[in-house]
Each structure stands twice: as C-alpha cells, then as structure tokens.
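Letters are used for the chains, namely A, B, C and D, taken in the order the chains are written, and counting of residues starts over at 1 for each.
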Amino acid sequence: MERRSARSCGLWMGELAPGLHNDITDVPGVLVGHVSLIKGYGPLIPGVGPVRTGITAIRPHPGNIYREPCQAGIHVMNGFGKSLGVPYIQETGLLNSPIFLTNTLSVYDAAQGMLTYLLQENPEIGHDARTPNLVVFECDDSYLNDIRGRHVKPWDGILALNRASTGPIVQGSVGAGVGMCLFQLKGGIGSASRIVPSQGKEYRMGMLALTNFGHLEEMLINGVPIGLMMKRANQQKMLCQVPGSLILVGMTDAPLSCRQLHMLAVRAPLGLGRTGGISRMGSGEFCLMVSNTGLEFAAPLSDWDLDPFFQAAVEITAESIWNSLFYATSMAGRDGHLCQALPIDEVLSWMG
Amino acid sequence: MERRSARSCGLWMGELAPGLHNDITDVPGVLVGHVSLIKGYGPLIPGVGPVRTGITAIRPHPGNIYREPCQAGIHVMNGFGKSLGVPYIQETGLLNSPIFLTNTLSVYDAAQGMLTYLLQENPEIGHDARTPNLVVFECDDSYLNDIRGRHVKPWDGILALNRASTGPIVQGSVGAGVGMCLFQLKGGIGSASRIVPSQGKEYRMGMLALTNFGHLEEMLINGVPIGLMMKRANQQKMLCQVPGSLILVGMTDAPLSCRQLHMLAVRAPLGLGRTGGISRMGSGEFCLMVSNTGLEFAAPLSDWDLDPFFQAAVEITAESIWNSLFYATSMAGRDGHLCQALPIDEVLSWMG
Amino acid sequence: MERRSARSCGLWMGELAPGLHNDITDVPGVLVGHVSLIKGYGPLIPGVGPVRTGITAIRPHPGNIYREPCQAGIHVMNGFGKSLGVPYIQETGLLNSPIFLTNTLSVYDAAQGMLTYLLQENPEIGHDARTPNLVVFECDDSYLNDIRGRHVKPWDGILALNRASTGPIVQGSVGAGVGMCLFQLKGGIGSASRIVPSQGKEYRMGMLALTNFGHLEEMLINGVPIGLMMKRANQQKMLCQVPGSLILVGMTDAPLSCRQLHMLAVRAPLGLGRTGGISRMGSGEFCLMVSNTGLEFAAPLSDWDLDPFFQAAVEITAESIWNSLFYATSMAGRDGHLCQALPIDEVLSWMG
Amino acid sequence: MERRSARSCGLWMGELAPGLHNDITDVPGVLVGHVSLIKGYGPLIPGVGPVRTGITAIRPHPGNIYREPCQAGIHVMNGFGKSLGVPYIQETGLLNSPIFLTNTLSVYDAAQGMLTYLLQENPEIGHDARTPNLVVFECDDSYLNDIRGRHVKPWDGILALNRASTGPIVQGSVGAGVGMCLFQLKGGIGSASRIVPSQGKEYRMGMLALTNFGHLEEMLINGVPIGLMMKRANQQKMLCQVPGSLILVGMTDAPLSCRQLHMLAVRAPLGLGRTGGISRMGSGEFCLMVSNTGLEFAAPLSDWDLDPFFQAAVEITAESIWNSLFYATSMAGRDGHLCQALPIDEVLSWMG
C-alpha cells in the first residue's frame, strides 16, 4: 500500500499555502535527523526485544544552540508525561539545547547522549558557565516495542544529531515514530508547514508531530467520523491498545517573543480537536513552539499581527497528525502485536 | 427562515447520545433564565440606543448556592476578557454564586444585581460570614449594541435569576446572545447535552455557549470549510466586524472534584477546534465546568473513568457553538449594522 | 500615640536606599488619591452604618492610561479574593486602567465609577475601539465596617482618581485602609520605595500595600516574634477577628517587560515572609507590578540585571506592610469592635 | 568548629514544637539515604576531579511507591532548573517514584539508577502497566565539584535508595549537599520538622532542603542582617560564587489532597524570605510536598483546617535552610576554591 500525504489525497488541509516540502524543514535553518531501531520478532523478552523504537532529533538552527539560544514557548495540554526540560522553558522562554523525541523509558539515555554532545561542543559548561536545559520528549511505544530493554542508547541520540539535515524529511514509522500508534492504527512522525503572510512579509512555520494517542472511534478526517465507520464496519480485526501521548514541536522564522510563541502553542489543541483527539486520561500532550530568528535581529511583531500565525498553528497541528497516519506503514511488534496502517484507499472511497 | 438545531438538520454531532432537550438543563437541577433588551434603531446615540443586548443567568441548582457551593474548574483559553470571579475558582475549586453572561461594559451592573440578590438571601454575609465570589462572564456586543449606554441594569440580572427555570431553553439571539456575532454571522446562545455512561451509571453533562468570535473564512461545519465557500461565493454582502470572545459554561451531575472538572474544562478547545475557531487575538475565551452533585453525597470517580466525560465535553462544546449559529436569527443594530443568520438551507445543500 | 514609619524608629529595613518620600510616589509620574469614609458608631445597622471604609486610587502616570497602557505582571499568591481584572493582565501583560483598592463588596461600585471616568475620557471605547480592563482589588473590612451597606459609591472612586497626586502620601487608617486589620491590630495603607542601581543607572521602585491579614502570634518585626510576646503578655485585651487578605501594588520607572514584572511580583511572598505572614486560608493575596516607562522608549533590561530589583521588591514588600502597622491609628467600629494600633514604644522597648 | 542545629544555639525557630529528631524522618515511614562522593584535590581536570558531589534519596514510605503512589503538590518558585518529573505531578497530583537530589549534570545518571531499580521491582512496567514518573531534583555544585565529570553513577542512586533509613539523618555537607554553597558560605542538606495540631489530632510534617543560593549580604538569621555585618567586617576573605538553586522536599502524615499539598508548597517562599533569600536570577527553586497517608485511609482535612500546616510549612522551610548552614562544614574543592562554614560562635556573639 503506497503511502502519501493527506494533502496529496485531495483532502482539504486549510486556507494557508504550505511551504516547499510541507514539512518543518521549510523553516530555514531547521534540521531533522532520525535513528530507527527495528530488530527481532516474536514474544517479548525484556532486554532482548523485539525492538521497535527510535529517536528523532530536531535542531532549530545549524549553529551552537547552547550559545545562541532561541525564544520558545511551551503549552502543557495534558501533563501526564515524562518529558524533560519543561519548567526551564516556562520560566525563561528560552531553548538552549536541541530537541529529542523518543520512547518513555529512553529519555534518560537520550539525554545522556545530548549532554555528552553539548559538553564536548562547549567546554565552558560547568566550568565558568551555566548548564544547558536538555529537552527530551517522549511517547510510550510499549505496545510494539520492548520498552523495558531501553534500546535507545546515548550514541543513538548523538547519531540522530549528526544525521540532522534539511528536508524533505521522512515521515511515518521512522525515528521516534517506529513504534507509535494513532487512533489504534499506525502513527509516528508527521509534519506540515505554512507560508504565513503578516505585515507585508512572508514567514515560514512548520510543525513536527509524534503521534501515539486515541481510540479508533474518535478519529475524524476532515470532520468525517471515519474511525467510527471503520469500527462499525469491523474493518480492523486487530486494534492496538494505546498508551497515549502526543508531542508537537513547532518552528518559525518569524521574530516572535517567548510570550507570543506561548500564545501559538496554546492554539495547538484547536488543531488536535479537528482530528478527533479528546486528550484521554494518561495521554501526555505537549506543544513546544520555537522561533529561530533572534529578537536582536528584528523587532518582534505586535500581538495584533498574530492571527495568521494562529491560523497556521491550528492547520499544521491537524495536518501533521493526519500526515503521520497517512505516511505510517503497518508494523508488527512484540507478542504478535500488529499495528495496521490506515487503509487510505478505502478511507478515500468512503469520504466520497 | 425557520431556525433549528444543527442536529435536526441531519448533521453528525458525535458518538454519545444527547439528553432529552439536548441542552444544559438536561442536567437535573440546572436552571437558565434570559432577559433580552431590544429597543430603538438607527444611528448610535450613546446612552440612548439602539439597544441590542441582554443577560443570561445560570443557576447550578435550585437551592442556595452561597450556602451549598459546587465543585468547579475553570480553564482560561485566552485571557483577553473582563470576566469576574476567575481567581477565586482557580484557588478554591468552588462556585458559590449563580453565573451571569452579559456584555463587556455591563458586568459591573450585573454583578450589582447579583450581589443585592445574594445579600438579601443571606443576611450572614459580611456580618459573621464570608463574602461570595460573584461570577459574571462577558462578550463585546458593540457591533450591534450601544454598549456604552450600559443598558443592562442590576434589576435585569435579578429578573434573569428569577426567570431561571428548567428546560428546554431558548437559544440563538436571546439573553446575553441578543447582540453577539459568530464567524461574522449571527451568533448568541447555544447549548447541547450528553448522557455519559461511566462505571455502570449514567450521568448528564450539558454546555451553554455564548458565541461572539471568528471570521467567516474559518468556519467549519462537520469539517467542511463552508465559511470559505460562502466567502468565495460572495454570498454575504455584509459581514459584521467581530470584537471576539467565547464563553462556555458546562454542568454535570457526576460527582467530580474541582481538579477533575478542570480537566474537563481543559478539553473545551478540542471542541472549539472542530468549529474552526482559532482563538484570535482579543478573543476572551473561558470554559467553566461545574458539578452540582456534592462530593459528600457520592465518592468521586477515578481519573481513569473520565474518558467518556472528555468525549462529551468535546462534543457539546462543538455542538453548542454550532447550535448558537443554527438558532440565531438575523439582527440589525446600530448605524445600519446588520448581522445575518446562517443561511441553513444553502449550507445544507452545499454540504451534500 | 504619635505614628511614624518603621524606619524612623531605627529598625533595619534592608540594604538598598529608599527614595525621597520612601513611598510609591517616588516613582516619577505615579499618583495616589484616597477617599476615607468614616461615619456613625454603635451597633451594626446594615445599610446605615457604622461606616469605616474608603477607596484608594493609583494612577501609574498622569496621562491617559487607556491610550498609553503600561507593561504589568501579576502574581496570585492566594487566589481567595474577589479582585477584578486579573486574567486580562495575565494574558496580555498590560494595564490599561487606573487601579482601585476598596472593600470586598464595593468593588462593583468602584468599577462603575472607573468605567464612567474612562468612557468620558475616551469616547472611542465601545464605538470603534476595544474596552478597557478595569482593575479593582479588595480586602474585607467587615470587622469594623458595615460592609453590606456598600457605602463606597461610584463617585467616591471618581473623587479618588481626581484627588490622585504626587507624594508624600498619607499612610495608615486612610482610604481603602480605614477599616483594615493587620495581625489583629490596626492595619491599612503602607508604602515604601527604593533606589535601584542597575547597569550604571538608577531606577525607582515603590510599593503600596493594603494590609488586612494574620494573627497576632505570627507577627515578626525584624525577625523578633513581638506578636507572640504581646500575646503571652496579654497586652492586647481585644483582638480583632481578621477575615484576611493583602494587596500589593508595585511601580517602577525601569523599562521592564511584562514577563520581567511578573518575575518581580513572584518575589513579593519573600517580603511577606519577613513580616511573619503565613497566607492563611481565606486570605486573598495578590501582587501587581507595573512599569510606567514604555518599552518603546528604552530597551528592556536583561534578566541578568534584575537581581537588584528582586532585592528591592522583597524589601519594599516587607517595609510597606510594617509601615501600614506603624502608621495606622486605633479605630473603633461596628458593634463595639475595636482595632488597636501597634503600641510602638512598648514594641521598641521589647526589641532592645 | 563543632556543628550544631540553629535551634540548639538558642535561636527562635517558630511557634510550633518540633518532632523527636527535628528532621524529615519524624514523619513516620519516611526514609532518607545519602551517598557522598569526595575524591581528589587541586586544579580541575574534567572527568577526573576533584569530586565534591553526591546524591540523596528520599522514600516517602517503605513500601512500593510505584504501586502505592502518594498525593503530592509542587510549587515552582523559580523555574530556572533542570529537575525531572515536574509536569506529571502538576497534572496528576501523584508521586509514584522515590525522590533524588543531586548535581545538575548528574540528574540523568541518577534517573538511570532509579529506573533500573523500579523496573526490577515492578516487572509489569512497560509490559501491561504504565511507566513511573521519575523525580530528580538538582542544584549546581560546580564551584567546588568537577561537575562535567558526571561522577554520580546510576549505582550511586541505587545505593542511596538502599541506604535510605529512618532518622535522625545526617545534615550539612553530605549526600547531594557535599558541594553546595549557601549565601556564599557552605550549605548543603538541612532538615526540620513540626508536630501539627489540627482537629484534635497531631500530625507530623518535615522538610528536607538542599541549599545552594544567595549572596552573603542577603543572609538573615532571625531577622538580623548578619550577612551584611560579616561582609562589612570583611570577615570572609573568600566567598564562593554561587550558581544558585534551592530544593525543598516536604513530607507529612496528614491525609491531605494534592490540591491541599500544593497550597502548602506555595507557602514555602514565606519561609525562604525569613532567611533573606531573594530568589536571584538563575536560581532554580522548587518545593515538593507529599503526604504518605493515602486518602483512602482517612478523610481529607478541610481547607479551613490547614492554617497550622501553613504555619509549619513556613517554619520548617526557614529552619531547614538555616540548619543546612549551621551543620555544614567547610569544604575545599577544585582550583583552590574554598567554601567556608558559617562561623557559629561569632554569629551568636553578634546576635547578642
């Protein structure tokens, strides 16, 4: 079954025009790298496998992020998560590390890798300079993956950082998304972008989602309760049990302050709502928004110029989530667990 | 043009079954009363008119709310609002007053009426007992209304309290909704309810929305960008300029704690997102959730029992907003401003 | 018993130097006005008296605050309060109205006066411009005052605004402080200021406190448990029963952003702690910090320049509270209730 | 120089009576374990030493904390910190892991140890059960310690857990406190407890502080500006440069809800203020409050019963901080850096 973006299937994805690749790397300077770990099959043997996990690194700009931090805002939609680095961003409005996405029990291994990387790059840390705040987000991929095995190692994180490059990026069952489930189907990594007109200029804004939440009957595609229809038609024999969570990382080249980026992050649930998400109990949902254009280089926009950015934030949240569904491929994991890809053609035929 | 609910037009409004009236009064004990103030026409003469405003009162139960307060949770989606009584609810998790909805410049007059009412009912207040926390929400109806005239008087608030009764309630251009605009069409009061199954019991949950936000091109109905289609078809010659805001008041008879009610309130943006809302700059958006079953009468539910309530919260948020649009009737106001009702039949024909 | 400032009694009030008057008006442009309402004696007859209340107005600058709003940050220490205008400041970081302090049941009357004042001054409000966010703080003076009588009228608020002038200001049992109790002794209005050196410049920072909280045994003066000593010595035959609350309004001429002002407000509890306050249940405690130097006129300071401001915020919080105690004079009120002034000479003799 | 508690020096530490050991282990069930790492001397060789660090483990009860979680509330006073596990506690009000304190760059190693421990104890995690939320707090000990060397290893964390025992506990330059500085003197671990009378019962409440903040001139002891006096007297030739931060962990056996525990945590700054703290820029300050009596075993107390707990929270915050100062012994570290102990006798003589 060929995978393709929701937009390429003819679905309406919003008013604003997407960027060149329609992914987060349309924001100049943003780099993304994946490391996918897929190994073994059969029954779960903790510490051995099967391994269905990975790590995704996002770098806001190619420079030294510790020395050139970015304005950032974070919105905790549902705090049931074990992500690292949240209070510092809430206090200071700054991001001074790369961003990792991985599985819940590997956040500390991932952080170890990032710390080694940053210490090496910045000999002043902990000597005569302050420590960075490491940002690692997570979802629980234990339905498919031997999560107890902690198979993501520090060097996988460093590898993902080194692999990070411009787009277009690979989406679906890749990197941190290898073992994730969305609406009891296969989820993972999705992305989208918009060109945002404001005050006579054009800015870029992009989102990357790691999706791992929801029940099939909640799934909406362009407002149509396809999930409910699939469930009633008994199309899906095997539905994965979802431990939940959604991570959203947004980037823009607009010179926005941390307070304004927080306003953008707060709009993410409006996009999540379009996909049918109800933020179930146990679903850790965070949205981080980052600007990679320092306020020293451009005057920040007025709050009254933000409406097109709000529109973009809502649209790319929804489109990223849908793209993770449209791009992801079926994945079998531990104990015979199978997470099936969205049957795109049937869905499209039902949507008329 | 006959007005009717979105549901009665055959639109899909969600998985869960609505209550008898499909409005907030399906929650046993909840009472709603409207006072509509419509007077004069022609150019604005501040202090004289035209008057296009009103007040809506919600009483969580027929008893003395000051002496029998309710557990409550509030979520400030967009704090750009002048509503009264928010910090106390955030601190204590209690509602100990009725709830008023009215226009922005009349919140103090409304509060004066509520205070007179509560002082009369409770001679102990300010004598040997504590003061109540008055809750008054607002939207700005100045596109149609002489808002500077402060035409809602304290006695209108008292009248709304006295009129408060069981349902079904009147929706659309009524009470606080007389002068409100939604997606540049006519908005106002909308409501919806659900029967929520949890742990072998059935609970009721209802929402009442006061809608006054958005641009036409954002409006989604069941995922279809009808607003954009209308705008492109140039169907609407006159579009009202929207000062923004959305108030959501939810009620349930489930024995939920203030913390759990806050979790419900936090899900409201997921429903708002379904209608196309992007929470524009300047739009004060609040969601208050109240339980009228005291925790002393029933053990609170576990957090893990809340998913059906989350589902209901999302569905009734969206349906209440749509109902305000489907029920509202066109209204002409000051300076020739006209706010047109949604053309239901055209919309339905376009939706196929 | 002559009343004088804590500092003039030789008590150590901190490291930084105070401004000329050692009150909030040392910040250039800040104006303060009081209206004190004292009338009648004897048993409480609700609606008649005795009246022991008032209103205090603070204007951040002499200009039109609606058209020239100020950066502002607010910290809700204990949300058990009925103050008006909090969510808007939290969302926008702006103050676009004067500030009133008054009693709990008069906040709506006070707001009515402020609204009339602002509508008159700004004919564009509600016509083709947005509405202001009215800020009215309160404490409960019902131990002395006929609070149910709502004796503060809208015109008293307007009068306080018109009376607002530069300093030195009157402190103690004046304005909103007429009927307030502190540590079961007489409290009311207190103020203090500091000269804050930062980056080679000198800024001014001032605080005004409305004090109405605490039990005698908690009171600390310069770390000495004088309250406990007084209680044990049974010095105070009559102790007022305190319904609680503390309002702190700070001003500075430093060009700080709303985020930085919020950081200042968050330090206020550190000053409150020095006075022995424990933020009892039912005590609504808010700290608002405002800069009257627009960021368009000067680059904001770096976060790393803020430590002297933090020091100043802590010191003037404590000194303002103590000053309200040292300046306040004994006051008899309803039903024979008596609130005694701090016996300064005994206290000083005990402190050695 | 013999070290002893602030209380044993005759200083007034508050109204309420302390528990048997006047430390956190007075709360029945609470266990504390330290691992101190002190090795090498001379110039800093990153990765080699000198090592001046450690880890402290707190277990709320002797049982399986993952399976028997505790109600918990957390207050972020100053979010400039890299502590792990904050958002989950804010969302759920639960603590389901032990608590570690260590240095900033060792939080991930410490977390690795805790994770290994919890996975071993609970084979269901990540198999058919949810993941725990690991709580690791930190301060920056890089003034004395080779922090880049990451000398705290996962097994040190496991060792601290295994060593955790009932009291009395060791305080001062021990465990996570080995390399910490307070008011530019030696800080580290401090603790205190209170017997809290409420509703005819007696509860226990204890605090453990990890102190690493402040400048000498801010230090107050019982309200006396001893730090300023020391600075002016030039007593301290060498003052350590403080990277900042304060961690407070409180425990109680009172059956309090997470909302009430949050109210307690919010009072911690009132105690910090008594010691002279101003929460400088860069100082990550967190207060976690935990109840180890499940609400299923006892009805929660009313909010109106909390005042004695607030009093206790304020007192033990201040006393814990002072105790860390009074117990800590001088420590020499990297590059000839020396952090001197408080000269207790001089201080006492100055205080008269």
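Everything that follows uses one rule, which is that a residue touches a chain if its C-beta (ideal position, glycine included) is under 8 Å from a C-beta of that chain, and two chains touch if they have at least 3 such contacts.
A quick note: this is a predicted structure, and the numbers were derived from the prediction, not measured.
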Pair of chains joined by more contacts [C-beta pairs], B-C or A-C: B-C
Identified repeat of the A-B interface (over half of residue pairs identical), from A-D, C-D or B-D: C-D
Mean-CA-position distance for chain C and chain B (Å): 35
CA centroid of chain C to CA centroid of chain D, Å: 34
Mean-CA-position distance for chain C and chain A (Å): 46
Of all residues in chain D, the ones touching two or more other chains: 78, 92, 282, 303
Residues of chain D touching chain B in the complex: 92-93, 258-259, 303
Chain B residues touching chain A - in the complex, by the definition given at the top: 12, 15, 77-78, 217-218, 220-225, 228, 266-267, 269-274, 277-282, 303-304, 306-307, 310-311, 313-314, 318, 352
Contact footprint of chain D on chain A as seen in their complex: 44, 46, 76, 78-88, 90-92, 104-105, 108-109, 111-112, 115, 119, 123, 125-127, 130-131, 133-134, 140, 142, 147-148, 150, 243, 282, 284, 286
